[in-house]
Amino acid sequence: MKEQGRPVLVIGGGPAGLQAAKDIAEFGEQVVLVERRKELGGAPIRWSYHTLAPDFRPTEEVMGPLVEFCEKNDNVTVMKGCVVEECNGRPGEFRVRIKDESAKEFTEMVVSSIIVATGFEHFDARVDPRYGYGRLPNVIGINELEVMLKQRRVVGHDGRPPKRVAFIFCVGSRDRSTNPWCCTVCCGVSIKQGIEIKQLLPDTQVYMIYMDIRTMGLWEKMYWDSMEKYGINFIRGRVGEVYFTGERLLVKGEDTLVRGPFEVLFDMVVLAVGIEPGPGTKQAANVLKLSLNEYGFLAPRLPNVHFDSGKEGIFLAGACVAPMSVEEALSEGSAAAMQAVKFRRNIVKKVPV
Amino acid sequence: MLEKDGTVQLGNDEKLELTKDDAKLLEILSSQRRAKLAFGTTEDYLKMLERMKELEKKGEIIVHHVTEEYDPVGVRTLSGRVKRIPTRETWQHKSCGQCGHIPGYISAFYWIMSELGIPYVDDTNQTSCTAWNYYGSGTSNPVALSAVFLRNMHVAYEKNAYPLIHCGTSYGDYKECRYLVIMNRDIRERVRAILKKVGRELVVPEELVHYSEWLHVMRHEVAARRKHDVSNVKVAVHAACHTYKLMAEDYTYDENILGGRKPAPTSSVALALGAQLLDYSNWYDCCGFGFRHILTEREISRSFAYFRKIRPIVRETHADVLITHDTGCVTTLDKSQVVPLAQGYKETIPVISDSQFAALAMGAHPFIVCQLQWHIADWKPLLAKMGIDWKAAYEEYRSYLDKVKGGMKPAFIRSPPRRLEPRGGAKAFRVDEPVMT
Amino acid sequence: MDSRYAAKLVSRLGEDGWHYGGLPGLQWEAENARSADRSVMIQVVEELRNDTRFEEFYRACINCGNCTSMCPPFRLVDFEPRIVVQKVMHAKDEPELLYQMMDQYIWSCFQCYSCWEVCPAHNNPGGLVAILKEIAVRHGLPSTKKALEPYSKILYKIMTTGTQITPDMHTTVALFRDWGPHKAELAKDIRVERAAVPVESMAGVMDKSWKVDKETMNELMTIQKESGVVDSVRHTLKDVADMVDDTAKEAGVE
């Protein structure tokens, strides 16, 4: 490839990666977008997110145009089902080897800069035996609930709609036994889902069992609306155990504010399974020799400046750096795109302080 | 600080010009911020006043306006609007508690109005608000309370005198009822039906005025007639919960009194008379009246009143007198001192109303007019400090009592003659009505 | 999963699948509520939610605790306006939770509305308590009877004359003994003291606060009858309601 035509490599086709690719393409530059899975869109598409907080916007409205742009635009080359296996060379002239997993083929190319946007995985709650995920019927994660909400059909394993649902916040987060960090978005997403369940099943009792409510910024409205408009109940306390009686789920916790220690039967328990670094992130870090922090997320040079990986020509964006919402990931993608283009056009040689 | 010409003085000597809407919003927000009030409640209150105008236009209700005949004076409230306080020809909405066992409260107030040459109407055709059955026992309901409220307002309207509400409880109850009647059609129609049965129409007062607001507005006239020097008297003030916490946007706040952070009435009277006004840490605490508690669970009321109000006030301010503007507060703060003092606690302070304090300063008789003998906490040091020879006054009072025992009629405080004519109607004037006006 | 063991576990739970109680004071309140008539519980919740003032007084509650921080009875007893709103919030799905408060909890409130003033969501816990008190009276709950019985005399006086704590209540020392021996002194000469008050509407009046016109009292009694106050009182203090009816009949009120 000619020096002029060297594309930017974007690893990861989720919100951050797609936005980055779009911005770079609109600048008139070439982009190669490599996505591990067979479809673009990242977590929102993979898990069929029904709507996005805070205003319940259908996911397609946000993700649809992005995916369409990247698939149709001439400046963007999409490689689905592919993984970056090797990276050599130097900034401005990275020589990468991309493997097509199913066809077992390799592509080699030279790229000017790289944006890592490898996203996250939902915590696998089987790791935490407390809640019986994977063992007990009717214990599901918020990711699985989104699929049900999209199909407008929320039912238990027996096919019947639940009469009483509990959301357990902070599963796989804020816990030294699993992941110590806070996933920032689960509070808002759970409350959003609680509202959507109430819209589908107005007579179902919905309980949110939480430690803190972290509906940041303008997401706060959902919290107040959930109580005022939808009659959702909130119990402050963490759940110690979920037990199956043979018919229903017995949830044990402490209501630190009103009832004291409690045991109560639910028909369905939804776990707010958090954000954790996925295999794609680990793999990219290995290949590009990027450092990971103690939590396994990609470590930028300074924690306050996410796009700066500390390595010249390599930029970071999205949930592979820290848990965040879709709107934040989109902004980070744009930011990384800007850095990549600046680098590509030799405007700034060294990564800014 | 918002100037009159709609500009704002910025810190660095710059002036910023605001649009009319922005200036209005800034006015509301800054007055509320100082008193910690929330914006949303003001919106509801202003909406209610708008609705009142609409209903009047549609002919669904009559509004008793504060017209120029009542010589109104404007005061600021937390809602940002100016409230019109009538100063003459007011209809006395009496407090059952004051008239029942703090007669000095009311006689001092009448005495002040009489001294200032201000005509007023003292009507026997008045029921109490019955809000004891709301806040105390839960035995009433919104329709009943609103019907009693509007029944009294109708009488005042017929007499062509503007209602002045003497009790904080009544004032708070009437604020709630007015809001319900205006905003809720169902309640309004049910009240209308009941009032029809007693021959009355729906008359809603444009302003709900507490007597302490009247005293606040008239404080300079009161101070001009001051006879005793009170500059060495230390005053602590307690404001009643139902005047300023219940629908906080209706009560009087003044930027020049306590920086607009606390309600202006009562404190302003003490300041106008030249007394030393002192602040204390539990200013915003309730007195502990509790309605039902003061009668049937008294340990709670007096424990709270003494340990959370009286003792801290005495320890922090060493004030000579605690002045308040509500029946329940005078009762609780005064009577709750008895048992603790009997048990050996030392702190005590006399508790009287702003009307009694003002009347005393103006030279009213401490016992014949201000009826201090009904107050338990020791007021003798206060009177001494004010330069009032209480021993001589008490002797006078005892001989006055003897004369009354012997059959003499007391020298009744009289209102100066009215200028306004009562409105027509069969119930307006009754021949057997005792001469009050 | 052993089905007998499961059954044993579940038998500990209440009818609606709840078991709790650990906060002080809550244990016996919960016990009392648990043994009450469930249909009454549900009715109480419905009456609360259908009251015209409910919309004004009840909003989202984020458990900030501002209300409790300013609440006077909280200084002395285990009463929290925050708990009131929380229980009102959950009442729709757990009527028993609300019913626990109807026994003694709500009667602790001073109705000072300090809670209303400081709530960031504009809740009115005191107002909700006032509505609950009215509901308790209407249903004639035994605890309400106990709370209001000492109040009977005052209640009768207010309902028939529209005034209360009248001078004639001071003639016997007993009623206000804790207001001081000074008060007892005053009580001795009270008729003369009252006759000497220099306000014409009050002078010499012993059985009312001021000289209320007969027609005014009749109007009051009519209003109370028509608006259902007498019927409400009848459920809790039947004697008072009967006395009010008799007085009204004697006065010629229809």
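Labels for the chains are A, B and C, by order of writing; each one numbers its residues from 1.
To be clear about the criterion, a residue touches a chain if its C-beta (ideal position, glycine included) is under 8 Å from a C-beta of that chain, and two chains touch if they have at least 3 such contacts.
What you are looking at is a predicted structure, and each value in this text was computed from that prediction instead of being measured.
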Task: Return the chain label for which the distance between chain Cα mean and whole-protein Cα mean is smallest.
output: C
A-C against B-C, pair bridged by the larger set of C-beta contacts: B-C
Query: Measuring centre to centre with C-alpha atoms, which chain is farthest from subunit A?
result: B
Field: Whole-Å gap separating subunit A and subunit B, where each centre is the average of the chain's CA atoms
entry: 60
- request: Starting from the mean Cα coordinates of subunit A and subunit C, work out the distance between those two points in Å.
  value: 52
- request: Return the distance between the CA-based centres of subunit B and subunit C, expressed in whole Å.
  value: 25
Task: Would you pull the subunit C residues touching subunit B in the complex into a rising list?
output: 52-53, 56, 70, 72-73, 75-77, 107-114, 116-120, 122, 130, 132-137, 147-148, 150-151, 154-155, 158-159, 162-167, 170, 178-180, 182-183, 186, 189, 192-203, 209-213, 215-217, 219-220, 222-224, 226-229, 232-233, 236
Field: Contacting residues of subunit A [partner subunit C, same complex]
entry: 164, 205, 213, 223-228, 231, 233-234, 236, 243-248, 250, 254-255, 257-266
Field: Complex interface listing, subunit C residues touching subunit A
entry: 1, 3, 6, 9-10, 12-13, 17-23, 26, 59-63, 82-83, 86-87, 89-90, 92-94, 97, 121
Query: In their complex, what parts of subunit B are in touch with subunit C?
result: 36-38, 40-41, 44, 94-101, 103, 106-107, 110-111, 122-128, 130, 132-144, 147-148, 151, 172, 180, 184, 186-187, 190, 193-194, 197-198, 241-242, 245-246, 248, 284-286, 288-293, 295-296, 298, 300, 302-304, 308, 335, 338-339, 368-369, 371, 373-374, 376, 400-401, 404-405, 409-413, 433-436
